[in-house]
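Shared chain: chain A. Partners: chain B in the first complex, chain C in the second.
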Partner chain A sequence: MIKTDCLVIGGGPAGMSVALSASQNGSKVVLVERDEVLGGILNQCIHNGFGLHYFKEELTGPEFAYRFRKMVEKDKNITVLLNTLVTKIEDQKVEVVGSVGRETIQAKAVILAMGCRERTAANISLCGTRPMGIMTAGTAQKMVNIDGKMPGKDVVILGSGDIGLIMARRLTLEGAKVHAVLEINPTSSGLRRNIMQCLEDFDIPLLYRHTIFEVVGKDRVEGVYYGQVDENYQPIQSSKKFLPCDTVVLSVGLMPEMNLASFVPVSRVTNGAIVNEYYQTSKEWLFSCGNILHVHDLVDNVALEAQQVGKFASLYAQGKLPLQSKPIEVAHTKDFGYVLPSVVYEGEGEVEVKFRLKNKVVKKTIVAKCNGVVLDKKFVLAGVPGEMLKLSINKNGAVGKIELSVE
Partner chain B sequence: MSKNNVFDVLIVGGGVVGACVLNKLTRIGKKCLLIDKASDVATGASKANSGLVHAGYDPKPNTLKAKLNIRGNKLYPKLCKRLGVKLDKCGALVLGDDETQLDNLYQRGLENKVYVEKWDRKQILEKVPDLADHITCALYARDAYIVSPYFFTISVADEAVLNGAKVSLEEDLVSVEKKDDIFEVVTKKAIYYAKQIVNSAGAGYNEVAKLLKAEEYPLEFRRGEYFVFDKIKDFNVPCTLFTMPTKLGKGVLITPTIDGNFLLGPTSTESDTQTKVTSEGLDEIRNKAQLIVKNINFRNAIRQFSGVRVISGDDFVVEKSKVADGVINIAGICSPGLTSAPAIAEMVTKLLGFSLKEKENLKLLKKRVLFKELSKAKQIQLCKENKNYCSIVCKCEEITKGDVIEALNRPIKVASVDAVKRRCNAGMGRCQGGFCFTKVVAQIIKERKIAYEQVKKENRGSEVCLSDIREVNND
Partner chain C sequence: MNKKKEMICIMCPMGCELTVEQVDGKIKVSGNTCNRGITFAEEELTSPKRMVTTSVKTEKGVKACKTTIPVPKDKVFEVVKEVEKLRLKSAKYGQIIIKNVLGTGADVIVTAND
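And now, the complex of A and B:
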């Protein structure tokens, strides 16, 4: 059995950042990563646009990962276990299989930092046959960027998430023809800059309120029937058209996968654990951060969040986390997708609350109130659901419930 | 043609029936060859069905279906034990709200000499707490089992190969001529000689029958769509739950699978041979699910698939051809085909003029034990002995590199991602191969010593990539 203060599950940006922070705050850390190298999904994201907030310069995914990796490797308080997968979490004991063989690791604090996974064809009940050529954008990205192989040459992309947009450009640059990006929603969840740089610059049409009705092809994708959907997302049959293609790339959302810790309550909105001010789940020794907690917009925000959580976990492991006073519920109006954390504690000081809007807002103010008293507010020129926003709330004197609203 | 090159029996079609025939004939000492156009055995209806070994209360008494179902059901436990294939004797309930209907089914069960009981709602609730409200009664069939239909078929074929049978995949039949009582079978790959031929080509039966100059039958295809659910235990389904046909039409079934998932389906729609899922089919299942158990959460569905059943009239066709001497016709093996397959093999053996007595000293297939199924102590030991077991390829199903290597080194050598999936479950979990697809491809390349471009998802034409990057010609 291996013993440690903090055990971090996942060696992507969240895991590396949380491990560094926990170590800097005085804990011995074991970092478990299932792949052969640290970095997680960043290693296959060879495009740029990372690090603008965290490092104040524009980096590629592998560069961003490299900077963190170097810091982790230098840190003598962090033991990295590569090629190692956690198979079970039970009462501060974690079962692993990997470079250490079949082992048990006991930790005072366990931090979930496994990231998320892509939603699959099954998650959207994609109709039609099941031939080769239907793949998630992440799989396509791995084939092209890591394996150096072309998954297809006539591509339709379903969903306009950021990886889908990035892959539209990537596949085009490698010689494929991307015929269209179909988005069932009236807006894209992808970043504005990606729509411009990945689609508009390459004249790739982005069709809103469109989806695939049926995939055709026995062994290989031969094409798709696609068309418009109505307000209830039901296909409008009269708009149905056939588009020949050999590949369907899916970019239909990301979701945290909490199966390893299915014993803690999970939010129906984020699919991640429900956490308090210190990012503790319902088990006080189990923390969560990064995309396993809620899918972030930028890796920079993942790293920043993990940095905070590393401190909390480290303090907890050393028995120094402030004793929890009376809880204050953090509620929100229907204008929000979600607000996180959902519980803060009475006392002095500021607490950072993260949220996503449900719909686009223009020139509005986000207000945090407690019993009618405004604690903090933030003016938003143009807010979109794709963007993660933050509000620092001074919680001095707040009791019972804090509510966020848009005014 | 030398005598050595002549097979006693050539079997066309490597579904569960063809595989069982191959296995039985090999075990009685016959020299056999099985050919299939696909890149693996069990790629048709045998891979896409409910995975049920039916008790036999359902078929009309004295039909071939009834006889073969009941005999097949009796053969399964011993056969699975020998093959090391998991069989769960979970039993089945046929749920309904009409006592008369239940009585009829019960009588049929008794006539077919199947162990059945009549249950009331209270009894059912003890076993199925989430039961739908309108259900008042059920027929309980004790001897209904669940099995992995594809892994069973693979194991049956593998065991035959281990004992000297030959399986040749990706074969396209060109012509069949009979010369001096010997069939000359020409495929695009080779010429084979055989004394007798078994046509178990399933959906392709008539195409093969034409070449054999044997009887062709009007075949009807029915598509059955299914949902596969994650292993999360939202509700408790301890056994297979069928529904009696009611005023609302024919119901669907829900069953645990041998791997711990749940299957919900099938629909039954007249179709061609395309295995596709449709929004109508999925909606039908969603609606009918509520008639079985409450609280099914479709967010936990991890896949939808469909299989096509081949139907030829009311009963199975298993017969000696009256027009083509030396040919055995097997057609229209729909449900309960999986259950009946071992019994069909016995029947075919007799039709071919052989005795059922098996040879001695036959080899036993090495039982598949996945890493995740081992005790912790054994896992620790195996990890020390072989590093491949310390490396997890598929995280959802916890399948190690060692498991994948074993899958690729079974008697029948395969080179497709789906074939690996059927042998060790890699890619069968909730992310549906999102993480492990390229890792499995890498392992196939290594074990088979082939190029990336040659690895297939399933059959010819499903190669996983086109070329290296920047080699695409898109003029």
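And now, the complex of A and C:
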């Protein structure tokens, strides 16, 4: 049995950042990573655009990971277990298998930092056959950027999430022909700058309200029947066309990887655990941060969130986390997708809440109120659903319920 | 020469829809909500540049690499081809693998985390 103050599961940006923060706040940390190297998905995200907030310079994914990895490796209070898989979390005991053999790690605080998994063909009930050549954007990304192999020559991308857009460019640069990106929604969930840099730069068509009706092929993908959908997302059969291709890349959303902690309640909006002000789940010793909690817009925000959570987890492990006073519910109007955390506690000081808007707003004010009294507000020049926004709320005197609204 | 182009500003996540017109040498930008949109649109119309990120072959597989500064957009494919020609024994983080690639002033450096 290994004993530690804080156990971090996952060695991506969230895991490395939360481990560093827990250590800096005085805890002994064990960090468990199933891959052979720290960095997580950042290692295959070789494009740039990372680090502008955290490091104040523009980095690629592997560079961002490298800087964190070096800091973790220098930290004597962090023990990293690579090639090690967590098989079970039960109370404050975690079972692992891997480089240490089969072991049990006992920790005062356990932090979930396992990130997300991509939705697959099965998750979206993709119609047609299942030949070779259907893969998620992340799998295609790993093949090209880590393994140095091309998944195919003629590609159709379903879904216009950011990884799908990035892969449209990457596959094109490596010599494949990306025939189209099909998006079932009337708008893309990807950043518009990516639509411009990754699709428009290479004249790759982005077809809104279009989807794959059927994948065709026995051993290898031979093509797709695709076409338009109506307002109820039903295929319009008269628009059906055949597009020959050998590869179908899926970029259809991410799901927090909560299977190891399926015993705690999750939010129906974020699919991540429901957490309080200190990022504790329903089990007070179990914390959550990064993309396993909610899908972030930027890795910088993942690292910053994990930094906060590392402090809370470390304080908890040392028995110093403030005793919880009466809870205050953090609610929101219909203008928001979600607000997190959903519970804060009565007392003094400021608490940061994160939120996503449901629709684009221009020149509006986000207001936090308690019993009609304005606690804090923030002017937003332009807010889009793809962007994660924050508001610092002074909770002095607040009781019962805080509600966020757009005015 | 008169040019007109519609583009999305990539300076921040807001993604303003810009219209850029060049009439008798003068550039006129509309649709922007801040001044950064003007700077972006001007460069995008006259000499668009892009960072290139790709991977280089080594004896053990491939390693991620990038240009140190953005290169002219019409050179992006050629830069990727230049990197593809290389077969390195090994590649270390930060190592320069091509100096001043295609005379663009940009070096290609290894970014892989290992």
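Quick note on the criterion: the second predicted complex is superposed on the first by the 407 of 407 C-alpha atoms of A that agree within 3 Å, B and C clash if a C-alpha of one lies under 4 Å from a C-alpha of the other, contacts with A are read in each partner's own complex, and residues count from 1 in each chain.
Methods note: contacts are C-beta pairs under 8 Å (C-beta built on N, C-alpha and C of every residue); 3 or more make two chains touch, one makes a residue touch a chain.
All values reported here derive from a predicted model rather than from experimental measurement.
By the touch criterion defined above, A:L52 reaches neither chain B nor chain C.
In the superposition on chain A, A:D297 makes contact with chain C only, not with chain B. In the superposed pair of complexes, A:A65 makes contact with chain C only, with no contact to chain B. One of chain B and chain C touches more residues of chain A, and that partner is B. When the shared chain is aligned, chain B and chain C each come close enough to touch A:D147. Of the two partner chains placed around the shared chain by superposition, neither chain B nor chain C is touched by A:A331.
Of the two partner chains placed by the overlay, neither chain B nor chain C lies in contact with A:V380.
Of the two partner chains placed around the shared chain by superposition, chain C is the only one that A:I195 touches, whereas chain B remains out of contact. Within the superposed three-chain model, A:L42 lies in touch with chain C and out of touch with chain B [touch as defined at top].
Within chain A, the residues touching chain B in one complex and chain C in the other are 144, 146-148, 174. Residues 34, 83, 85, 87, 95, 97-99, 101-102, 117-118, 120-122, 125, 127-132, 135-136, 138-139, 142-144, 146-154, 174-177, 213-215, 218-220, 235, 246, 257, 259, 262 of chain A touch chain B in their complex.
Within the complex formed with chain A, the residues of chain B that make contact are 228, 232, 274-279, 282, 301-305, 371-372, 376, 379-380, 382-384, 389-392, 395, 398, 400, 430-435, 437-438, 441, 452-453, 456-474.
Taken together, the chain A residues at the contact with chain C in this complex read 37-39, 42-43, 46-48, 58, 60-63, 65-66, 69, 144-148, 173-174, 191-193, 195-197, 200-201, 297, 381-382, 384, 386-387.
Interface residues of chain C, counted against chain A in their complex, comprise 7-10, 13-15, 33, 50-51, 53-55, 57, 61-62, 64-66, 73, 76-77, 80, 93, 111-114.
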